[in-house]
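In what follows, structures are represented as structure tokens.
You will see two complexes here that share subunit A, one where it goes with subunit B and one where it goes with subunit C.
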Partner chain A sequence: MTTPYPGLTPSHRTRALFKWLALLGAATFGLGLLFARQRALSSFLLLNIGFLGMGLGAAFFIALQYVCGAHWAVALRRVPEAMCGILPWAALGILITILVGRSLYPWTEEHATGMKGVILSYPFVLGRTVVFLGIWLLLVRALVHGSRLQDDTGDASLSESNVRLSAVFLVVFGLTFWVAVFDWVMSLEPEWYSTMYGVYHFAGLFLGAIAAIIILVVWLSRVGPLRSVLTAEHLHDLGKLLFGFSTFWMYIWFSEYMLIWYADFPEETAHFVRRLTGGWGPLFVANMVVTWLIPFFILLPKPVKRNPDMLVRVACMILFGRWLDLYLLIYPAAVGHETVTFGVLELGMALGAPGLFMLVFVRAYRACAPVPIADPLLNASLSHHQ
Partner chain B sequence: MMQHVHTDPRRGLPTAPSSNIRPPIEDIKLLEPILYTGPKFYITVVCLLAVIALGVFAYMTQYREGLGVTGLGRPVYWGFYITNFVFFIGISHAGTLISAILRIVGAEWRRTITRSAEVITVMVILFGVGNILIDLGRPDRMLNVVLFGKLRSPLLWDVCSITVYLTMSTTYLYLPLIPDIAILRDYTTKHRWLYRMLALGWTGTPRQHRVLELLISVMAIVVIPVAVSVHTVVSFVFAMTIQPMWHSAIFGPYFVVGAIFSGIAALIVAMALIRWVYDLGDYLKDLHFNNLSLMLLVMCFAWFYFTGSEFLTTFYGNEPAHMGIFWMKISGPYAPHFWVMVATCFVIPVAILCNKRTRTILGAVIASICVNIGMYLERFIIVVPSLSQPRLPHAESIPYSPTWVEWSILAACFAAFTLLYVLFTKLFPIVSIWEVQEGRENSIAEVTARLKTYLPEPYVPEDKEQPIGATP
Partner chain C sequence: MSSKTNRRFLLGVFEREEDLLVATDAARTRGFDIADVYTPYAVHGLDKAMGLRASRLPWVCFALGLAGATFKVWFEFWTSAVDWPINVGGKPWNSLPAFVPITFEVMVLFAGLSTVAAFLLGRGLLPGRRAKLAFPGVTDNKFALVLEETDASFDVDEVSAMLRGFGVTHIEERVDQEPL
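And then the complex of A and B:
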């Protein structure tokens, strides 16, 4: 199909960079499994939760746009759609972690008593994992498929069916995601729980996805496909979302931490004590600084939100904060809280993740028109004004 | 009919109306409640005053004889009054927050509904705070918060955040009211002294409009974090204790979501009443109710999500003290409250609002009344069950059941709120006249111009005589 928008053709150097990064990540993971299995598995879980967050966050973004009848981001929709391409890989990664990485989860060895023992029994967790991942994959696939099909058929009713599908996805996602993060992350410390945990993960997930969307749309506007599409108005709106959800994340973080700190129950504070002692303290503070404090003050003025360079820098900082957040959630519990564990293994795998992600993204993005050309709201999106 | 008389404030002489303030001819209907008062109004006021008198009598009984006349005791020392406090503060989110969000996102349909929302906030906060005074037994002890306030006490934070919120909400209600007060000053003859004083010399110059709109937009932004903080802090009063099922990390956003939820429901009911009583169907249209219904539907799901997270996580945690309260709510003495809450906050409103055929004004009102009943029950089963089984050993407690005193004061609060709301509509237009005028003049043109940019330029053939399809 011919479109007025140029396709994505990354240079050989860019492709090679992504490939080498992905290879580096795979190699460090492979070696890590041989020499430091627990660390490698922890890092693997961390990155797959991150990937899952990117995919589900992007799907949440698309679904939200459909349900609200919002037009402004229609022209950019292929970016979050392509981000959803990482979901099958993330799902596979999580499934592997649950199957292979039983050593991460203490409840597989020492069974909890009572109802918790039933909830955290291995077959039940595995079953839930398969069901949740399956449902998400099916819904997201249908959502993306409907949008791509519209390019060929030009059928406006596909938008309507996607609105209904989005509503279903939002409800299903809301009801399942927090149970999923309980199973995969919170149960690393089975004796600890927080009613806020699911909301906290959601805040991080959506924040990370918005940051990634910003970086990708700016990159695509530089390399071609979105050159005549992306305007300062789009960036301004994305910047506002980034600002808003960074603050939302901080609000959720504070609400959880403050109540646990104030009530001072040993069984609750243990979670935070592990992340404040043994050298973890500075990282704990850095998490807030890079995910909220600095972005908040940088993003306050209007011109910054319309400036692609500044916005990308803040988005990169927030993505780093996202990695740090997951690192703080997983490592002290799964690897050990006595000292900070960070070495070549963690660095290699963390560098490999963007490489793999970009390979998948580029492939998914090239699979269809760079802009949803037949969407009835496309014109409105192209000439979007605040 | 109205007299088009303008009075020079310095001399008290009639002059020509200020040229910048347009007469409200097209929206004369909005002034009718202010200009004409029928017997129905007086009957309503008398009925409301009777209920208020009953509440005053109940309070006087309580003041004279002490809190023993209520159902409160040990260990359940918080009952209806604190439930009322949380409920009313929740309802207060109807106005300022919803109105501010709609203004910020530039929702054009907001113009006729923002005022009726903002009034709810200001009026209802008074009753939220009032219930704390009633609950104290000795209201003079309220001063202890100021005299012996401790910075680490959430009660002090509560006093601060609610005071800030009340101040800001009142300002936020008053600012968009100024041009309308000037219209009343210039084009009506009633209460002119009041309008002249409150209009602050508004003459509608472009500069005044600029300053006003700047102030409104700044207030709209600032008031949102304040509103969120208010209900977060209200939740901290519970969650910062170690009482089972009060001490829950999710309480901050859970309360905020509940507040917005009950606020939207209250707004729908208030708007439906205004529309019915003052026959304002042209202003409060089906579209407004439909949009608010959709917002209510979204909040239904959000509320369900948070309630689910709260209860299922407690179930997962399986801590004995928490589980005691948990089962009291699910299958114990508070089970009827809990399951009615689930039905009225989720099942019924979702069933009504998901279906386009039932998402009518009547449907929205039924759903909203259900939600408000459910949210009151939610506040009740947050406050009471946790206290009835505290962590410390306690003497056998009598189950809490409110007495006639508490019921009367509750009824009086609702009656007094309704009375204040009714009086407001008799003094000021409940739909913003100038914003409707502005919407007609500017926004329609703006939206039309914007929509035109979405469409391709029309094809204009060079030779108009030539039939379409003919080879040139």
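And then the complex of A and C:
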């Protein structure tokens, strides 16, 4: 099928960069498993939760657009759709972590008692993991498939069936995601619990996905496929979302912190004490500064949200903040809170993640037309204005 | 320009917002002086078509929001740590996390109310101001474009012909001190 939109053909150098980064990450992970197993597994969990956030965040973005009947982002929809391509990899990574990384989870050794013992029993956790990952993969796959099929058939009823599918996905995602992060991340400290934990992870997940969408659409508008598509109007709306969800993340962060600070129960404050002592304090503050404080003031004026260069810089800062946030959630619990552990292993794997992500993204993006050419809302999206 | 001087205006009334948008855009690109445009609701893209400069209201919003937040932090510090310290749950007098929610609320209140107040003051919309309509129905279903006849080169027949090309339903000339 011919389209007026050029396909994505990254230069040889760009592809080589992604490949070498991914190889670097894989090599450091392999060596890490041999020499510093706990750190390697913790980093592996961190990056796979990050990948999961990218995939589910992108799917959430698509689903939200469908159920709202929003037209503005239709022309850019292939970007979040291709981001969903990382989901099977993230699912595999999380499954491997649960199967191989039992040493991360104290409850696999010292069993809890009562209801908590039932919820944190290994077969039950493994079963939930498989079910959640399976349902998400099936729903997201169907959503992306429906959108791609429309390119060939031009059938407008596919939009309607995707609206229904999106509604199902949103409900299922909302009911399962918080349990999943309880199982995979919060249970690293099984004696600590917070009812804000699920929504806190959701805030970070969607924020990270918006930041990635911004970087990718700007990149694609520079290298070809979205050159005649992406306008300052689209960027303005994406910038507003980035601004809004950066603030939403901070709001949820503070809501969790303040309730625990106020009540001052030792078993609850332990979580924050571990992250404020032993050299973690500056990172704890830096997390808020790079994810919210600086982005908030930079993104306030309207012209910044319409400027691709500025928006990409802020998005990069927020993605770094996402890594730092997950690092602060996982490392003090799984590796040790007495000292800050960061070395070649963490750096190598963190650099490998964007390499692998981009390899998967480019492959998924090239699998179909760069713009949903048969979507009934495409023209409205192309001429979108505030 | 002295406020006593009478000015000449040409008023064109449209039935559809699309017609108004293209007519306004054409008037601006042809260099006519757009005195004002009256619509029953906010029309997207009209600010661009009129060539309006960016509003300064966001600055009022930002400055007063910041002032409100600063004032509230100081006030809470003064009430709970200086003027009448009360021991609440053994917390220090000056407990910043406890001040945050109210600081946030007061910031939003100051920012919101001051923006509305600045808008009303800036437009002179004080209590007792009588409503004057540019044309009956501009608060209902009509759209009015008001051009000012700034110099002799403004040819009323030519401009009227142009507006008719955009589907104008009514044209009239006015002589007044202000567009309204």
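As a working rule, the second predicted complex is superposed on the first by the 386 of 386 C-alpha atoms of A that agree within 3 Å, B and C clash if a C-alpha of one lies under 4 Å from a C-alpha of the other, contacts with A are read in each partner's own complex, and residues count from 1 in each chain.
As a convention for this text, a contact is a pair of C-beta atoms (placed from the backbone, for glycine too) under 8 Å apart; a residue touches a chain by one contact, two chains touch by 3 or more.
Only a predicted model underlies this, so the values are computations on that prediction, with no experimental measurement involved.
Visitor: Look at where subunit B and subunit C land on subunit A after superposing the complexes, then choose clash or fit.
Guide: clash
Visitor: Looking at A:Val285 after the superposition, I want to know if it touches subunit B, subunit C, both of them or none. Which is it: first, second, both, neither?
Guide: neither
Visitor: Tell me the contact category for A:His385 with respect to subunit B and subunit C: first, second, both or neither.
Guide: After superposing on A, A:His385 lies in contact with both subunit B and subunit C.
Visitor: Of subunit B and subunit C, which one touches more of subunit A's residues?
Guide: Counted on subunit A, the partner with more touching residues turns out to be B.
Visitor: So in the superposed three-chain picture, is A:Val199 touching just subunit B, just subunit C, both, or none of them (first/second/both/neither)?
Guide: Touch status of A:Val199: first partner only.
Visitor: Touch check for A:Tyr262: first (subunit B), second (subunit C), both, or neither?
Guide: both
Visitor: Classify the contacts of A:Leu138 with the two partner chains as first (subunit B alone), second (subunit C alone), both, or neither.
Guide: It touches nothing on subunit B or subunit C.
Visitor: Thinking of the overlay built on chain A, is A:Leu175 touched by subunit B (first), by subunit C (second), by both, or by neither?
Guide: After superposition on chain A, A:Leu175 lies in contact with subunit B alone.
Visitor: Share the list of subunit A residues that count as touching for subunit B in one structure and for subunit C in the other.
Guide: Shared contact residues on subunit A (touching subunit B in one complex, subunit C in the other): 258, 262, 385.
Visitor: Residue numbers of subunit A touching subunit C in their complex, please.
Guide: 254, 257-258, 261-262, 264, 300-302, 385-386
Visitor: Under the definition above, what is the set of subunit A residues touching subunit B in their complex?
Guide: So the residues of subunit A touching subunit B come out as 114-116, 119, 170-171, 174-175, 178-179, 182, 193-199, 251-252, 255-256, 258-260, 262-263, 265, 379-380, 383, 385.
Visitor: Can you list the subunit B residues touching subunit A in their complex?
Guide: Residue positions touching the partner: 228, 232, 236, 239-242, 247-253, 301, 305-306, 308-310, 312-318, 450, 453-456.
Visitor: Could you list, by residue number, the parts of subunit C that touch subunit A in their complex?
Guide: 44-45, 54, 58, 62, 89-90, 97-98, 100-101
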